[in-house]
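Each structure below appears as structure tokens.
Both complexes shown next keep chain A, but they swap its partner, so chain B is in the first and chain C is in the second.
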Partner chain A sequence: MNEVKAMMAGNVWKIVVAVGDTVEEDQDIVILESMKMEIPIAAEESGVVKEIKVQEGDFVNEGDIIAIIES
Partner chain B sequence: MISKILIANRGEIAARIIRTCKEMGIQTVAIYSEADKDAPYVEMADEAYLIGPPQVKESYLNVDKIIETATESNVDAIHPGYGFFSENGKFAKECEKIGIRFIGPTSHVMDMMGNKIEARKAMKAANVPIVPGTEDAIPTAEEAVEIAKHIGYPIMLKASAGGGGIGMQVVNNDEELQKAFQSNAKRAEMFFGDGSMFLEKKIEQARHVEIQLLADRHGNVVHLFERECSIQRRNQKVLEEAPSPYISDETRLKMGQAAVDAAKSIGYTNAGTVEFLVDREENFYFLEMNTRIQVEHPVTEEITGIDIVKEQINIANGKELAWKQEDLSYNGHAIEARIYAEDPKTFFPSPGHIKEFDVPKGRNIRLETAVKSNYQVTPFYDPMISKLIVTGQTREDAISLLKETLEHTSIKGIKTNIPLLLEIINHEQFLSGNTTTTFIEEHFSPIKKK
Partner chain C sequence: MSYIDELNKRIEHIKKGGHEKYHIKNEEKGKLFVRKRLELLFDDGMDIEDAFFANCMDDSLPSDGVVTGIGKINGQDVCVMANDSTVKAGSWGKRTVEKILRIQETAMTLELPMIYLVDSAGARITDQIEMFPGRRGAGRIFHNQIKLSGRVPQICLLFGPSAAGGAYIPAFCDVVVMVDGNASMYLGSPRMAEKVIGEKVTLEEMGGAKMHCSVSGVGDVLVKTEPDAISYARRYLSYFPKSFREKPRVREAKEVKEFEKSITEIIPENQNAPFNMYDFINRIIDEDSFCEIKKKFAPELITGLSRIDGRSVGIIANQPRMKGGVLFPDSADKAAKFIQLCDAFNIPLLFLMDVPGFMIGTKVERAGIIRHGAKMLASMSEATVPKISVIVRKAYGAGLYAMAGPAFEPDAVLALPTASIAVMGPEAAVNAVYANKIAELPEEERQAFIKQKQDEYRDDIDIYRLASEMVIDAVIEPNKLRDELAKRYAIYDAKNTVFTERKHGVYPV
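Up next is the complex of A and B:
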């Protein structure tokens, strides 16, 4: 199991995968908006998206868990 | 006469405007979001009002709340700063409706210059050179490809209502154009509510040089010379200087005159900036007009001795300009370095807690800052936290003072672009003054995250 964490504080702008999707390493999971920039947050390992813990528009802090990938 | 101003902005520019108001004996009202309650500018103002949560739509872009605050605090003018409502004709109209002066040009001129297609038409009519391209919005990708045949690649695809690089893309062939057309039109529609697209020839090895204007309400227009702003990344400026180290006196004169002609022909009033692209042969082309104060205005102030915010207020008061063009000159060389809260290698934003913020002081060092020691930089706004402006008798003096100052600046707790700024000003190409808008892209591309 692999946790995808926010590397900085920001708003969740877009969620680009869905629960059950198979994702590759480095594939974008969500796009955060921080300081007027779009920051893609990617999976560190390939696997299946088990859970997405945020919704579009949510505010996340650095280190918050965004999604869980099952490898 | 204006005696009390609400500043509809935040950060360093709000602080900058408040300072001039104090010098002029004008009362100031600051507005702030929950995220900015401890901001230095809030403390500086005579009065300050919380207007909403951190998100800009609910605070700094909340028309009703700002107008209500302006009415209740009894101000007679609003200064919009840059960004937010500064180029919003509708907001200016709302102010006019309730008898509060908007410090800027008329809403009509703002709307005309805010629409890039309209602006191009107006400039063409005023005999100001424009980049070869289309006159009207292009309805479909197929038609764009057809028109591209006549312009020739590379081409800049642009959104008519665009800004900040959004909806804009360089395309090198039919296939790229076709692809980019759909996605950029969609993006522009989403961001600006207007998906009209047009094409411009891409000017290769271009420099970005802009002319500062002041125009009173009596038909007098002067320019305060140029600023060189070629050091950019993602279409955002990083280092700006005045005068330009590159253009000849002849080009300087011609560009100044073209900008003044442009302003006169559209009936421009207040402070404004005409941005040009300059090619290798020093041909210059109208890029856009910014109908507001610019981030980089201090470099012009340093070499001309003119306080541009003070002139904006004087013009709004109906005063005539104190100078004719021939009375104006400049002295020395000024450089502005924008300090961003971002990783100098990946260019990713770096919000967080600033433990220490210490910038050396000196006679030729000017600091405009949104932050201080023991201060939280939130992720809600632009990553620019400060501007450092240094002045010297020559460009070499200014560069050496900037280097000295940046090397002794200590910002702890967040990452900043200071290491990148130092690399740039030590770069041979920057030292020679021979930089184009692709300089950072070519030499300092962000390192991809593994």
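Up next is the complex of A and C:
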């Protein structure tokens, strides 16, 4: 089980995977919008997306859990 | 027994280090014997060794648990101290400390690089009066390190624990390489933490190599094995002169690695879209010449040694792929130390800018981002080595300043045609200036108004306008950037300036 966390504060701009998807290490899970930049948040390990804890438009703080990947 | 036999017998005994069971224990952990480590470190073994017989009246303490001497790395003499963890877990007695002090003082006199191969449990409590508090006690090791700092390169290879006071050896080195799984640093052990403050924590969580190389930043380079750590040190030193009095040796130039996509093709047109700065770096430096420092710590800023046309160049680059390349307290710290390192040893600097600015918000203000950012500005500003800044894309706000913007006496500010310099980006600026006006407008007119103002703003900060105002020194075609840099570093090699006259600044730490 691996938690994907926001590396900085920002708004969830796009969620680019769905629950049940198989993802590779370094594959983008969501893209935040912060400091007027697109901030991709990637999986640290390969696995299956078990849960996505945010919705597009949500504000997330640094360290908030965005998704859970089951390896 | 003849004198010679007696001598040889003693040498044989001491060379073997501690009891066999400790050798076996080390082997199980993937740890090499100290003399094997030194064999790998030097071109051709250690040339001279002093105080080999330290504490030889006690059979159980060969060399008093530390090997000190001089050998060659890449043909260059270097001083070394290496703990022997088969001798009382590499702990420090009176003679251990004295040996370390002497080799440091030799490094000082001869102005040679100093390498610390650390694998030690810390002070021998039984010997504390002799080794801890006095003038030639362990504190002096750190005093010497601080004195050596910036005079000669100091490298720490951490193979095992570096506990309590001993943890300051890595802290005062220029670079700390940690072997994953075996290396650790901590002031108080987990056992002590539980007893004294009630915290239950594992050694790996509290002071492990991964943690230090990615979270605390006390470690710089995480490696899998001891030979990896040793080969990193040999490679790292090849970018440096032996002391601050000299310049790094210019090596044979290598071509840039060939890639399918050119620089122009890897930079996205949309300023806000991420791209991978490593791809950019690899297209301007000599093939395979990037030697990264602090890869896992504050990855939104890349710092590493490289060669351009055979010359050592220290690169500080924003990484838009991580945190948008925004500067944080940790990235500013990382940059400050790296800049000091390069400046101390006459390694020219290259700033690759694609920076939206410093991070804003409660979290970073509470962490003192202004203070940390000031450190980066101070060391960048003070650096008198050749400095070139390249504006790859954005250079917004104080980001422009921190990355060696025009006001900080870089030898040149070069812009790619994709460059954009401003207090802030068009989206933020229009919002800042016209927020009230936008709110007053009928909803259907807002988008058109915003777009018009953003376009006007873009025209206003057009890179050719800045070139016309001589804010930047040249606009360079991306595919010609490497050649431009090579020419300029060769010419700027003549630079010889002093920042200012004083004892030292009062640094924002």
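Here is the rule we go by: the second predicted complex is superposed on the first by the 71 of 71 C-alpha atoms of A that agree within 3 Å, B and C clash if a C-alpha of one lies under 4 Å from a C-alpha of the other, contacts with A are read in each partner's own complex, and residues count from 1 in each chain.
We adopt the following convention: contacts are C-beta pairs under 8 Å (C-beta built on N, C-alpha and C of every residue); 3 or more make two chains touch, one makes a residue touch a chain.
On a predicted model such as this, the values are computed, not experimentally measured, just so you know.
**Student:** Quick one: is A:39 in contact with chain B, with chain C, with both, or with neither? Answer first, second, both or neither.
**Tutor:** A:39: touches chain B and chain C.
**Student:** Quick one: is A:47 in contact with chain B, with chain C, with both, or with neither? Answer first, second, both or neither.
**Tutor:** A:47 sits against neither chain B nor chain C.
**Student:** Can A:8 be said to touch chain B (first), chain C (second), both, or neither?
**Tutor:** both
**Student:** Going by the contact definition given at the top, which residues of chain A touch chain B in one complex and chain C in the other?
**Tutor:** Of chain A, residues 7-9, 34-37, 39, 62 contact chain B in one complex and chain C in the other.
**Student:** For the complex, which residues does chain A have touching chain C?
**Tutor:** That would be residues 7-9, 34-40, 61-62 of chain A.
**Student:** Along chain A, where are the residues that touch chain B in the complex?
**Tutor:** 7-11, 34-37, 39, 42, 62
**Student:** Can you name the residues of chain C that touch chain A in the complex?
**Tutor:** 272-274, 320-326, 328, 356-357, 359-361, 363, 425, 427-428
**Student:** Okay, in this complex, where on chain B does chain A touch?
**Tutor:** That would be residues 55, 164, 341-342, 348-352, 378-383, 449 of chain B.
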